[in-house]
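Multiple structures are listed underneath, in structure tokens.
Heads up, the next two complexes both have subunit A, just with different partners, subunit B and then subunit C.
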Partner chain A sequence: MKLNKEILKTRPVFSPEGRLDASNAGLFKSRLNEEITAEKEIVIDLSRLEFLDSSGIGALISIHRKCDKERGGLKLVCQHDRIRKVLELTRADRLFDIYDEAEAAAGSFLK
Partner chain B sequence: MTDRLFMEIPSRLKYLRLASNFGLNAARSMFEGEDSDQNHFTESMELALNEAVTNSIRHRNPDSPEASVVVEISLSPREITIRVKDTNSPFDSEMVPTPDLDSHPENGYGIYMIKEIMDKVETSREKGWNILTMSKKLGGKQ
Partner chain C sequence: MKAIITVKEKEIDWFRSLFRSCHPLLMQICKKPFLEYLVDFSILCGCSEIRLVTDIPVQRVEDLYGDGSRWGIQLSYSSIRETDGFDEVLEKNSGFCRNTTLLVFEGFFFLHYDKNLDYSDFFRSLPGGELKRCSTGRLSIVGGSPENRSRPTAESPLLETTPLSSVADIHQLSIEILTRNPERYVLPGYSSENQAFIGQNVVIARKAEINPPVMIGNHVQIHKDAVIGPGAIIGSDVIIDSNCQIVNSVVFDKTYIGKHLDLKGKVVGENSVVNPIDGIQLHLEDEHLLSQVRPASPRVPFLHRLVTRIHALLAMILLLLPFLCCVSILKMQKRWMPQKQSVLINSQGKTRKLSRPRIAPTGYIGKFALLLSLDRFPLLSAVLGGKLSMIGSKILEDTGENREKIKEYSSYRPAVFSYAEAETWPDENSEWEIVERFHLARKSIFHDQILLIKAIVNRIYTEDNP
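Then we have the complex of A and B:
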């Protein structure tokens, strides 16, 4: 899995690309947790993901908890039905603030 | 007529994608030559198989580095049946608690997701093999 990073409205936006599954969810979580020590408010854009499983969901929930603990925030971007369905199936959609566009997600921290 | 497909992978996460794609492509072959878009069905089979194989690999006996996971898929015109077999300690899907979804746990979703996706899920133990059998009919629950 490739993990892209860009800055939008002064907030880092991380975009995992490919599959986020049991084979790489641990590494993804570690890399994001390292970033959270420097950046408290982050966006994870799931638009480039082809596949998300329950291990990926677990990683996102863990990152969300870490952001909360650091008094920061995590916003998700999700455009694809198949990824959103996994969020809904696990009810993780009720935990996250989910946006259609990365710019709107990053901008929401400024309000 | 029922077509049977077979795959065996080493019980390691680096091969998870292979098994997952096997489920996706097997399900897609049910619709070859048809115009209808069955992405929801085929992607659900990919996810269910991915979760089942992940469980098998995660619960591999650490003393059995050479262990493998076997996937058998039976395709009939209106139904897919997937069997995932491993030689781990005995496992019964009915004994796996449903996760407390409202407390958003970080793990424990796999079997729950399989049961939500598939029409029928059963586990059995035969000659030292755990066998998770799951099936779904076209037009079954969404």
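Then we have the complex of A and C:
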């Protein structure tokens, strides 16, 4: 899995590419947890993700918890039905703020 | 022009508490799902893309309507949280809302319109803002052209709202549409005479009496001497037994109405009769009088069940000797805490008493017993009896809260080991449900074998076994 980072509206936007599953969820989580110590408000753009499994959702929940603990915030961006359906099926969508555009997600921290 | 339909779970709670098996967005008004009225109206307004934004699971809606190609439009779906307001809804869907005029339906309400009128000119002439409001929702325009502010709006065609906040509203609305203005909407069913809509595969006994206005769904059986109508709306897959009388009433899909039952001015669904006037709901326990016609529930394939039982049997054979030795020692050390619990064994709320002992994780024997998961040994007999699986959902105790929880959790399949244990998910805040739902949707023999091994191994390596 490739993890891209860009800055939008002064907030970091991370875009994992490929699969987020048991094989790399731990690495993804630790990488993002490191970032949270510097930036408390982050956006994860799932639009380039091809596959998300329960370990991937677990990693997202763990990052979400850490952001909450640090009094920051996590926003997700999801444009594809495939990933949205996984989040909905597991009811994980109730935990996250999900946007259809990274810019709007990053901008929401400014309000 | 695009449309956003936003409905929140809290707005439809009253409906869910009455009719659990019916998805609120697919709730029928005159045999036509609620959502389809909104879609039809949006199309009349010239919308080519519609987004359903809700915190209610929409899988059933998505399975039925897909991408909206049946209407020649693009239908998409998006999740929001319960606390999101109007601005958050627009912000979370900013990609969809950009550079267009939006028609926004907010809440759970019915919009009266006329399919014979053209609404597109009217809506194009509007400058934006709230258009119609009722106690349970509103219709508004977002991003209307600013030039329209100075221009006079086109003459307003028929547009009225009715709040949907009780069974009385559904009843009144359904009967009103059927008796007064069915021609305004595209309604399902064949109509050979005025005010009589009959679906496909309807069998009416020769001695049955049909008095229009009536609307009868698909695959309905009406037995002899039954009197249907005036003012009867019968859903699909309904059986009406002999000598029944259904007048001024709404019968939901998949209902069996037993012999000699008279329904006047009622709403009937599942095994309940609701009086719309006072909202009193009567649950009938006698399934020969009133019951839900249930499709056969999907069964776990035979091979899968066989493999599960073989695993349980093997585990019993292998662990019997260690179990007998360890338990007798642990009992003497008072580290074996027997516990009988009434637990829920399926999503219909069926219960069974199971022995779920606890072992104190101290001492060599206690740790060894936990290492071998001997605390789960008494559950293996329930697997052999087909009541539990080897791996699946966490076993829920029979409490009011859990009974409510499984009503929303149709795939609940309690097991000796849970998927959450296989994935070492935290047993808090109901987050274990997330991993369970994920794996239950993908269950297969191979998939379950791997997760069973993971769950057993995880228990071995968990420092303080539960």
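As a convention for this text, the second predicted complex is superposed on the first by the 111 of 111 C-alpha atoms of A that agree within 3 Å, B and C clash if a C-alpha of one lies under 4 Å from a C-alpha of the other, contacts with A are read in each partner's own complex, and residues count from 1 in each chain.
What we mean here is this: a contact is a pair of C-beta atoms (placed from the backbone, for glycine too) under 8 Å apart; a residue touches a chain by one contact, two chains touch by 3 or more.
Everything numeric in this text was worked out from a predicted model, so none of it was measured.
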| item | value |
| --- | --- |
| Superposition-derived comparison: subunit B or subunit C, residues of subunit A touched | C |
| Which superposed partner A:47 touches (first subunit B, second subunit C, both, neither) | neither |
| Partner chain in contact with A:33 - subunit B first, subunit C second, else both or neither | neither |
| Which superposed partner A:87 touches (first subunit B, second subunit C, both, neither) | second |
| Contacts of A:23 with subunit B and subunit C, given as first, second, both or neither | first |
| Contacts of A:104 with subunit B and subunit C, given as first, second, both or neither | second |
| Residues of subunit A that lie at the interface with subunit B and also at the interface with subunit C | 53-55, 57-58, 61, 86, 89-92, 94 |
| Subunit C-facing residues of subunit A, complex | 53-55, 57-58, 61, 79, 81, 84-94, 97-101, 103-104, 107-108 |
| In the complex with subunit A, residue positions of subunit B that touch it | 13-14, 16-17, 20, 39, 43, 46-47, 50-51, 54, 57-58, 101-102, 104-107, 109-110, 113, 116-117 |
| Residue ranges of subunit C touching subunit A (in the complex, touch as defined) | 55, 57-59, 62, 76-82, 88, 91-96, 419, 423, 425, 431, 433-435, 437-439, 441 |
| Partner subunit B, residues of subunit A touching it in the complex | 19, 21-23, 51, 53-55, 57-59, 61-62, 65, 82, 86, 89-92, 94-95 |
